[in-house]
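Structures incoming, each one as C-alpha cells.
First chain A sits with chain B, and in the next complex the same chain sits with chain C.
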Partner chain A sequence: MSLVELDRVSVHFSRGQRRTRSDTVHALDDVTLTINPGEVLGIVGESGCGKTTLGRVIVGLERPTSGEVVVRGVKRSRNQRPGANARNDGFQMVYQDAAGSLNPWKRIGWSIGEPLQNEGLGKAERRRRVTELLDQVGLPGQMIDRYPGELSGGQQQRAAIARALASKPRLIVLDEAVSSLDMSTQAQVLNLLKDLADQHPVNYVFISHDIAAVDFMSDRIAVMYLGKIVELQNSAKDTHPLVHPYSITLRSAVPVPDPAVEKGRSRIVLTGPVASASDLPSGCRFHTRCPIAQPICSEEEPELTEHQLDTSVACHFAGEFEHLYRRSSNSNTQP
Partner chain B sequence: MAVLAPASGPSVLSVRNLVTVYPGRDGEVVAVDDVSFELSPGEVLGIVGDSGSGKTTLARSLLGLVSTPGRIIGGEIELHGRDLLKLSHKEMRQVRGREIGMIFQNPIRSFHPGFTIGWQLIEAATQHANISRREATEKIVEALTWVGMPEPAERINDYPHQFSGGMLQRVMIAMSLLNEPAVLIADEPTTALDVTIQAQILELIERLAVDRGMGVVLVTHNLGMVASLCDRVIVMYVGQIVEEAPVETVFRTPAHPYARGLLDSQPDRSTGKRLTEVRGASPQMTELPSGCRFQNRCDYVEEKCTEPPALADLSHGQKVRCWISQRHGLLPTRLADSDHRDRAESTGLSGK
Partner chain C sequence: MILLLGRRLLEAVGVLFVLSVLIYTIGTLVPGDIAQQMTGIEGATPERMAEFRERLGLDRPLLVRYADWLGDAVRGDFGVSLFSERDIGADIRAQFPVSFEIAVVSVMLAVIIGIPLGVYGAVHTGSILDRLLRGLSLIFFSVPTFVSGVLFVWFGSMFLKPFYTSYYIPFTEDPLANLRAISLPCLAIALPASASIIQMTRSTMISSLQEPFIDTARVKGVRETRVRYLHALRDALGPVVTLIGLMFGALVGGLIIVEQIFNLPGLGRGVLVAIGQRDFPYVIAASLAIATVYIAANLVVDFLYPILDPRQRDQE
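Let's look at the complex of A and B:
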C-alpha cells in the first residue's frame, strides 16, 4: 500500500476581499502523486512554484481546496484541524529556518523533548530520550542545556531534525532544510539524513531549489512549475535524463563545480518574465518562457502523461526538445 | 607573514596585509587576518569559505564599509596605485560611487522602499558626476537596458517592492555600473535568487568582466559559480587565506586539505552513497588553537601542525597555508582514511 496518495489536489489562496480572478493564488493545481514506503521523493522548482504548499499538504498542515489526500489507504477527513492530521499520521516538517522551530527562550533539550510531552514519560526518561536524539543527530550531550542562540546554524538545523525525529515519524518533509547552511555543513547534514533513513523506517520528501542536492538525496523527482507537476521521474536519476523543457532549462542553468565542463558549455538562459501564480498564462503555463514554445502551447494545457517507462511529462512536445531548440536558435540568428 | 610572489601584470586593486578586527566581550575577533591579493582588469576573483570565515568583512573592508564596531587596523588597499586607507570619509564615498561598484546579497535592503527606482538611480548618478537629471535618466535607461531590464523607461517609475528579487538585483548592478567603475565587489549576489535568474546574473557579470574589463571580486558559497565564472580563487578559513590559485588548478589539484574537502563534498562530484564530508566545525575566532587553524578537522594532521603554517608558493601561481603540501609540493593522496582518523584521535586533535 502506498503511504500517501494525492488525487487531483489543488490549493488556492484568496488575497483581499474581492474575489476577482487575479486575487486567487493558484499555489497548487490538480496535483496527483503517490509516495511509496521507503522512498525519498525530491521536489524541485523555482521559488513560488508551490513546493512548500505541496509539502504542507502532504504533512497535513494545509487543507486542499479540492481533491483528496489518502494516507495508508484511508481518506483524510476534511473536518479535522490541519495540525491534528499531521499528528495522527505521524508526519513532521523541517523548515529552512531551523531557528524558527526552536523556542529561543527555552533550552535545546526542552525544544527537542516537547513533542514527547503527551507520551506520559517521566522526567528522567524524557531526558534520556532527548540525549539519545542528540547523539543520533551528532550533537554533543552538553548541548541539551544550551539555548538556540548559542548554537551555530548547522547545529540548530541538527537540533530541528532531532525534534522532528522525537515522535518517531513515518514521514518527514524537509523544506529547504539544508539551503541556509554553509558548504561543509550541508554535506554533514545530508549525510546525517541518509544515515538516519538507513537506521529507521522513515520516509523523506526532500524539497529544494538545488537540483544537485535533490539528485543526490532522492529516489524519485517531481519538477514543479507554477503550481503544477510538469515532470515526474519514478526512477534513479542516472537511468533517464529529464525531459520537460523546464526541467532541461533548470538543469542547464545550474553551474556544475568543474571549470573544464563549465568553460566549454553553453547555457540555456530563460528570457521571458517569470509568470505569477495569480495571473496564470493560458495553455501551458511555461509557454511565456519556453525556448521551444509552439502556437498550440498558448491554447491547450498539456496533461501529465507517461512519456516513457517511469517518466511522466506535461508537454505537447515531450522528447522533442533538442531538435526544436536547435531549429529555434537557428531561426533566431538568421531572421 | 605571508610569503608573496611579485605581482605579474598591472593590477587595478592590490591588497596587502589587510587586518580587520571586531572588538568584543570575549576578546578581539580578527575577522580578516593578514590578507593580501592582486586583482587585474577583467579578472574575476572568487572568494569562498565557510560561514564566518571573514568573506563579507573582507569585501566590506575593500569598500570602507566595515560595520561597527569593526575596524581596519593594518595593511594597504591600493586602487590604481592610490592607498584607499589614507582617504577621508568623503573621498572614500566618491571612490565607492565612481571607481568601485558593489552588489550585496539582499538587493531589497539596498533600496529605500519609499522612492521610485528611477529617483534613487538619478540620485546616485548625479551625486558623483556633473550631469543634468535628463542626462542622468538617459544614462540610467541605457544601463537598465544593458542589464536586460524589459521596458526600462517605464519601469523606472516603479517602487522597489514592485520588482522581483532578480530584477532588483539587476537594478543594483545597473546602479553600480552608472559610473563605469574599474572594480566590482559582489557579495553573494545570487544566493537569494532562483537558479534560472542566477544564470542570467552570472552571464551579466561575465559580460562586465570580458566586455568592459572590469575587475570583479565575487564572494560566493556556490562552487558551480566559481567554476563557471572565476579566473582565480581565494579559499578562506577562519579569517585567513588558506589557498589561492587559478580556478582550474584549485579544482584539479587542491593543495589545502580544507579546499579538497569542500570540493569532494559536492553532491555532483560524489559517486558513492554518502558525501565525503569535512567533519567537525570551525573553531570560534575567540578561541583559536595555536598552530594550524584547521587541525581539529584535518585528515593529514601531524605534530608539526601545532606550529602555524605560513601562506607560501607552490608553483603555477598556487599558494597554500599547509605544512604537508608545502613539504611535498602538493597535497598527497589521502592515506587510508581510517588511519588518519585514528591518528588524529590519538593525538587528541580530532574535533567532534
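Let's look at the complex of A and C:
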C-alpha cells in the first residue's frame, strides 16, 4: 500500500476581502502524486512554485481546497486542526529555517524530547534517548543543555533533524532543509540524511530548488512549475534524462565540475515574464518563458501523461526539445 | 550580573539627584509661595510676608537652600511640612503603602484580565468576541480616569452598597475591609491598563503563532493549549513585560486622580494637596519617593529579561 496518495489536490489562498479571481493565489493545482514506502521523493522547482505548500499538505499543516489526501489507504478528514494528524500518521517536517523551528526559549534537549513525553517516558529515560538522537545526528552530548541561539547553522539543522526523528516518524518532509547552509555543511547534512535513512525505516520527501541536491537524494523526482507537477520521473535519476523544457532548463543551470566540459556546454537562459500564481497564463503555464513554445501552448493546457516508461510529462512537445530548440535559436539569430 | 546591578543602582542614584535639582528649581519658578498662602489666610502685608520668608529661610539664595536641603535629605531627613509642620518623612511613610498597594493590585488585576483575553483574541482573530474585545478596550483606554472613577464611585455607592466602603482600612488591620475599600479604585485603574495589555498581548501573540516552531510543536503532537500557552505565549511575553514595567510608572498620574476621587489617604492625594499649598519640601520628597518606585520597577523588568529570555543571558 502506498504511504501517501494525493488525488487532484489543489490549495488556493485568497487575499483581501473580495474573493475575485485575481485575488486567488493558486499555490497548488490538481496535484496527483503517490509516495511509496522505502523511497525518497524529490520535489524541485523555483521559489513560489508550490513546493512548500505541497510539503505542508502532505504533513497536514495545510488543508487542501479541493482533492483528497489518502494516508495508508485512509482518507484524511477535512475538518481537523492543522497538524493534528501528524502524530498518528507518523509524519514530521524539517524546515529551511532550523533556528525558527526550534523554540528559542527552550534548551535543545527539551525541544527534541518533547514528543517523547507523549510516550510516557520518564525524565531520565527521555534524556538518555535525546543523547542517543544527538549522537545519531553527529552532535556532541553537551549540546543537550544549549539554547538554539548558541548553535551554529549546521548544528541547528542537525538538532532539527534529531527533533524530527524523536517521534520515530514514517515520513519526514525536508523542506529546503539544507538550503540555508554553506556548501560543505550541506554535503555533510545530505550524507547524514542518507545514513539515517539506512538506519531508520523512514521515508523522505526532499523539497529543494537545487536540482543537484535533489538528484543526489531522490529515487523519484517531481518537477513543479506554478503549482503544477510538470514532470514526474519514477526511476533512478541517471537512467533517463529529464524531458520537460523547464526540467531541461533547470538541469542546464547546474555547473559541471569538469572545466573542459563546462566550457563547451551551453546554458539555456529563460526570457519572458515569470507568470504570477494569482494571474495564471492561458494554456500551458510555462509558455510565457518556454524556449520552444508553439501557438498551441498558449491555447491548450497539456495534461501530465506518460511519455515513456517511468516518465510522465505535461508538455505538448515532450521529447522534441533538442529539435525545436535548435530550430528556434537558429531562427532567432537569422531573422 | 553583580557588576551590572551595581552600575544600574549607581545610575538610579544619578537620576534621583538630577530629579531633585529639577524639582527644586521648578518649585521656585512657580508663582506664589508658601508665605503668600500662609499669610493670605491671616491677611497679607508685604512686611508680614517678608518676616515669614525670613523665618522659613526662604530669603536665602536658591543654591544655599538646595545644598542645605540635600545635606539633610541624604541623611533621611526631609524636614517638616511648611504648612502643617509635621515630619514629612513620617507622613510619606504612612501614605506610601496605601498607594503602593493600589498600584500593585491594579497592575496584577490588569495582567489577570489582559493576558488571557489577549491570547483569546490572537487565537480567534476576527471572531465576534475578538471584535467586541477590541472595541471595548478602545473605549476603556480612551475614557479618562477622572470620568470612569466618578462612574465607579456612583456605581459602587448605588448598587454595591453592602460591599463597597469608602473608608480606607490598612490590610494589616482588616484584610477584608481593606479589599472592599480598594476594589473599585483598583478596577478603575486596571481597566484601561488591561486594555493596552490585551492589545499588546494580542498583536505579539499573533506573530508568535506564525513562528515555524509553533508548526513544529503541532506536528510533534503537542496539545493545542500547550502550544498556545507554553510555546507561543512564552515567546510573546517579552514586550508585554516591558509594557507592564512602564505601566507601573505611568500609574502615578492615575493614582493622584483616583486617590482624590475615592478619598484614599495615599501619596497621590498628599502631593496634590501639597502642590495647592505650595508646600515644596513635601512635594520634592514625595516626587522622589514616586521616582524611586518607577526606577525600581524598571530595574526589576531589566533583570527579568535574562530570566525570561535565554538569548539575553551572559555567556560564560
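Everything below uses one rule, namely that the second predicted complex is superposed on the first by the 335 of 335 C-alpha atoms of A that agree within 3 Å, B and C clash if a C-alpha of one lies under 4 Å from a C-alpha of the other, contacts with A are read in each partner's own complex, and residues count from 1 in each chain.
Basically, contacts are C-beta pairs under 8 Å (C-beta built on N, C-alpha and C of every residue); 3 or more make two chains touch, one makes a residue touch a chain.
Worth saying up front: this structure is predicted, and the values here are computed from it rather than measured.
With chain A as the common reference for superposition, the partners chain B and chain C occupy compatible, non-clashing space. When the shared chain is aligned, no partner comes close enough to touch A:Asn79: not chain B, not chain C.
Legend: residue contacts after superposition of the two complexes on their common chain; A:Asp97 is shown touching chain C, with no touch to chain B. Look at A:Asn118: by the touch rule set out above, it reaches chain C but stays clear of chain B. In the superposed pair of complexes, A:Gln199 makes contact with neither chain B nor chain C.
With both structures placed on the common chain, the touch criterion links A:Tyr147 to chain C but leaves chain B unconnected. Aligning the two complexes via chain A yields an angle of 80° at the C-alpha centre of chain A, spanning the centres of chain B and chain C, rounded to a multiple of 10. In the superposed model, B is the one of chain B and chain C that contacts more residues of chain A. Residue contacts after overlaying the shared chain place A:Ser167 against chain C, while chain B stays out of touching range.
After superposing the two complexes on chain A, the shortest C-alpha to C-alpha distance between chain B and chain C comes to 10 Å. Counting contacts as defined above, no chain A residue meets chain B in one complex and chain C in the other.
Considering their complex, residues 46-47, 138, 140, 152-155, 181-188, 190-191, 194-195, 209-213, 215-216, 249-250, 252-263, 267, 269-271, 273-274 of chain A touch chain B. In the complex of the two chains, the chain A residues touching chain C come out as 59-61, 81-84, 86-87, 91-93, 95, 97, 100-105, 107, 111, 114-115, 118, 147, 149-150, 163, 166-167.
Within the complex formed with chain A, the chain B residues making contact are 48, 50-51, 148, 150, 164, 166, 194-200, 202-203, 221-229, 247-248, 251, 261-263, 265-270, 273-279, 281, 352.
Those residues of chain C whose C-beta lies close enough to touch chain A in the complex are 211-213, 215-222, 224, 231, 234-235, 308-311, 315.
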